[in-house]
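By letter and in written order, the chains are A, B, C and D; residue numbering begins at 1 in each of them.
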Amino acid sequence: MKKVDSFKILTAPAVIFVFVLFAYMLFVYIYMSIPIFQWEGCGIYLTNIWHASEIPAEEYYGIAAAIWGSVYTSIIAVVIALPLALSYSIFVNDFAPPRIKNAVIVTSDVMAGLPTIIYGIWGAYVLVPFLRQWVMMPLYSTLSFIPLFSYPPVSGYSYLSAGVLLGIMVTPFASAIIREAYASIPHTYREAAYSLGLSRYEVTRIVAGMIRPAMVSGLLLAFGRAIGETVAVSLVIGNTFNMSISLFSPGYTISSLIANQFGNAFIYEHMTSALFAGGLALFVIGTAINMAGLLYLRRWKQNVKF
Amino acid sequence: MLSFRQIKDKIFVGLVLAGTFAALFPLFHIICTVVIMGLPAILSRGLVFFTGTLSQGGIGPALYGTFMLAFLSSLIGLPVAFLVGLFVYEYPESKLGGFVKSLLQIMLEFPTILVGVFVMSIMVIPMGTYSALAGAFALAIIMIPYVAVYTAEAMHHIPTTYREASFSLGLSRVKSVFHVLVPMAKRGIMTGVLIAIAKVAGETAPLLFTAGGLYETYPQGVTSPVGAIPLLIYTLIQSPSPADHATAWGAALVLLLIFIGVFVPIRMSLKEVKM
Amino acid sequence: MSNYAIETRNLKIAYGKKEVIKGVNFKIPEKIVFALMGPSGCGKSTLLRSFNRLLDLNKDARVSGEALLFGQNIYGENVDVMSVRREIGMVFQYPNPFPHLTIYENIAIGLRLNKIVQGREELDSRIKWALEKASLLDEVEDRLDDYPSALSGGQKQRLVIARVLAMKPKVLLLDEPTANVDPVGTKNIENLLMELKKEYTIVLVTHEPAQASRISDYVGFLYLGELVESGPTARIFENPKHELTDRYVRGILA
Amino acid sequence: MGEILVGKIKELKSDVLDMGKLAVTMLKDAVEALKSQNTQLAETVLDRKTEIARMDEAIEEKALRMIALYHPVSRDMRTIAAALKMITYLTRIGRYAKDIAKTAVLLANEPHLSKLVEIPYMADKVVGMIDDALTAFENEELAPLENFAERDDEIDALYYSIFRESITYMMEDAKNITKCIHYIIIARYLERCGDHACKIAEKVHYMVTGEHIEIK
């Protein structure tokens, strides 16, 4: 009876290939990071020094600024994406007439898939000047005593620009998840709420309350996307080793650091390893956040039965 | 006289409309900007823009490279992704099946730059050169989870009753899946494949350290460097020359048209896929 | 050795820890219509699916005890599951001709993939034969290359029956075959079953006692995974021995 | 749907029982009219003849409609089948009561021979059997039907005894012949009513158990 399943034989190699690939990827990042940990220990993650040198003994790399930049810009992105994605979901499910609804959904899906380099070129040429002129300058001239706005917006390339661009880019991801969760609430709840004589705002608040976990996972996944984004960010963030809370100051993210430095890292003794350590950090943070988002979403889908 | 409640309701509706507008408006602005900036660049150079080398003011090698990379990465990625998708569909309840599914979802969200760096260290460094093959391999890794998830999803949409019917005819698992069920889900799978190709054709980060870039001659073979439109744009924006910027906008328009030309018709047809 | 088409001996089926069929024993003679009836969720469909080992598709399902097909235990060792399924045809609740195949191809696919017939001519004649048997030939003869979506629910279901008959099975299993079919289609299918029982043993699952009473020769009443009562249809409907059966056929089982 | 049918069947049963009561009182009254030579009472029995015929028709229609609409099975089907048969038997009983009442009018002017021989006693026995059969039907139980065979035998014996006694009177005096022939015919009617009681009992037995029996 124990016949070998030929279907398994056929598909198993592909599955094993994917597993091995992923495991190998993790292995490569850990293995390649080891030298820098041996060289400077945890300093790689905890200090903000970027000292490349022809003389290996003088090399020292600390990527705290890049880690901070990745997290900071992603947080800005999520803060921007949440209200937009929520409005969008409410509009699509509650207000939009059928024709517009489909167009709006397709638009959002196109935005989710649009090549990031196009966001990048638009960000660098359109968004950054716009933000500098209409947001940063006025805020700086009036509110510069607040630490958030204290950095002079010289070029416009900054955490804020990167965060806003990322926010625009990840809104469709958050939207897709929130929209679906919102749509999964049966119409009868809405009818019940309206029957109580509630206004649109009040009804929506009740229904939106039902999908709070989905909103959280949508934001986690959007955060995961934002933190991994490379080219668009590297074109607008300014690529400066800076560690500041000020929104208008230029900075670095891990991914833009890798994109900028990896090409010539082989010249130096320790830089390659330092960048791999940065990649490892990105690997771990990104995977952890995404897994949390996915688990949260899966648990919500399993637990909630309308 | 409006009550406080009614005013609040009006404000709420206004905010929702404004938020939706803010979420979608950038796309239209991007499209307009890219057309306004890119069209003159293309028109002023004519056909040369599509066939010429960079010094001739064209993106020919990059265009060619993008198609080459899309083709090669499909060649590597699609069979693997297709089989993995079928595995996930066939063994959804097994531990391994669930594990693979989670892995695919993680890979779907995985930072693409990390894939590029990984492929560089396992292919470019040993081979001693950037190559189309390395670029295609990096893109294939990004493509696999898309196609696998779409495949599993498309298969999943086939009602169980057809599955039972095909097994009831005394067909083996291989025959049931490949000869009966896969053809039923053909459309859904093709959709996933096309979306994945459109997606990887627009990728930049994984190509940064793998494909190398090649803009003055057409690529020679799969083991030599190759260019790609997104990569070209990335390089050109960082150049100080205004002529390069014009070329970048033109290239962006081409990329946008390719993407929208593939993606939108597929996405529009999606809602018709019904059993 | 055995005159029974299907016989079960203490057949038990569980999904995970939940036992849905709790030790069922019955014998189904050849060339009759045997109806399995019972309220929804009593395990009828599960039991039916165990007869062609379709439960193998469900990872959670555990079968113990014996189910004999013409005396041979289909859960025994060295049983070729696929040949068991070929000997038993199955028709489902939802009329499910493969929507991506033409009417002709729908019947041909089992024959082709199982390499049952050789050559185009033999295939043609076998398909005609099956359609004839399923009393569908007249209705579809001139549109064999159309897709089944053009057919009515009743015709689709007869196409499924033709697909199954083409494999020349010995036993037909039908899982509420008329649940998604209109009254005219239902009548046609019921007439067809009356015709087919001259050559095949038919096991029919139905949640409608009236249907069981119309077309079956024997009925089994299944309740909460147990076979409460079985016997000749007329006897069960005129004078059921068990209180539950009585309440069920009268339509007052809570 | 099952519950609706159960309600309808209850209604049907109570209709049959009403009809049964009517038939029994008709029979009782006819025999009483005969005994007490009360022509008025006899007339009321004759009047009730149309009522029982109407009930027969109404119940039959109701039962047939239930079959058409609800496809009864099992006990429901058996109850309706029993009811359909019972109303025929009850109609017959009613008709015999009518015939007895007619005879009562004819025999109202001359005193009865030997206190009407054993006819009233026999009538009591028959009425008892019909009552018991109806009770069994009402409660769906077999206990009241237990010794119907013996009771039927007793009725038959009474009939023969009335028959022989009447023959004796006729041989004594030719003037008694008319009266005695009426007595024999009435005894014969009562004997038939006893048989119908047995038939009803058989149907009730079928209704309760699903098995056909014959009471001899």
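Quick note on the criterion: contacts are C-beta pairs under 8 Å (C-beta built on N, C-alpha and C of every residue); 3 or more make two chains touch, one makes a residue touch a chain.
Predicted, not measured: the structure shown is a model, and the values here were computed from it.
Chain grouping by touching, computed with chain C excluded: A, B | D. Comparing chain pairs A-B and B-C by the number of C-beta pairs in contact, the larger count belongs to A-B. In this assembly, the C-alpha centroid of chain B lies 92 Å from the C-alpha centroid of chain D. The geometric centre of chain A is 54 Å away from that of chain C, both derived from CA atoms. Chain A and chain B, compared by their mean Cα positions, are separated by 18 Å.
Mean C-alpha position of chain B lies 46 Å from that of chain C. Chain contacts: chain C has no residue touching two or more partner chains.
For chain B, the set of residues that touch two or more other chains comprises 172. Within chain A, not a single residue touches two or more of the remaining chains. Within the complex, the chain C residues that touch chain D are 209-210, 213, 237-240, 245-247, 249-253. In the complex of the two chains, the chain B residues touching chain A come out as 5-6, 8-9, 12-13, 15-20, 22-24, 26-27, 29-30, 33-34, 37, 79-84, 86-87, 90, 96, 100, 102-107, 109-115, 117-118, 120-122, 141, 144, 148, 172-174, 177, 195, 198-199, 201-205, 208-209, 230, 233-234, 237-238, 248-249, 252, 255-256, 259-260, 263-264, 267-268, 271. Contact residues on chain B toward chain C in their complex (touch as defined above): 93-94, 159, 161-172, 175, 179-180, 183-184, 186, 275. Contact residues on chain A toward chain B in their complex (touch as defined above): 5-7, 10-15, 17-19, 21-22, 24-25, 28-29, 32, 83-88, 90-92, 95, 102, 104, 106-111, 113-122, 124-126, 168, 171-172, 175, 199-201, 204, 221, 224-225, 227-231, 235, 255, 258-259, 262-263, 275-276, 279, 282-283, 286-287, 290-291, 294.
Per the touch definition, chain C reaches chain B in the complex via residues 49, 52, 54, 57, 59-60, 82-86, 88-90, 92-94, 96, 98-101, 109-110, 113-114, 160, 163-164, 167.
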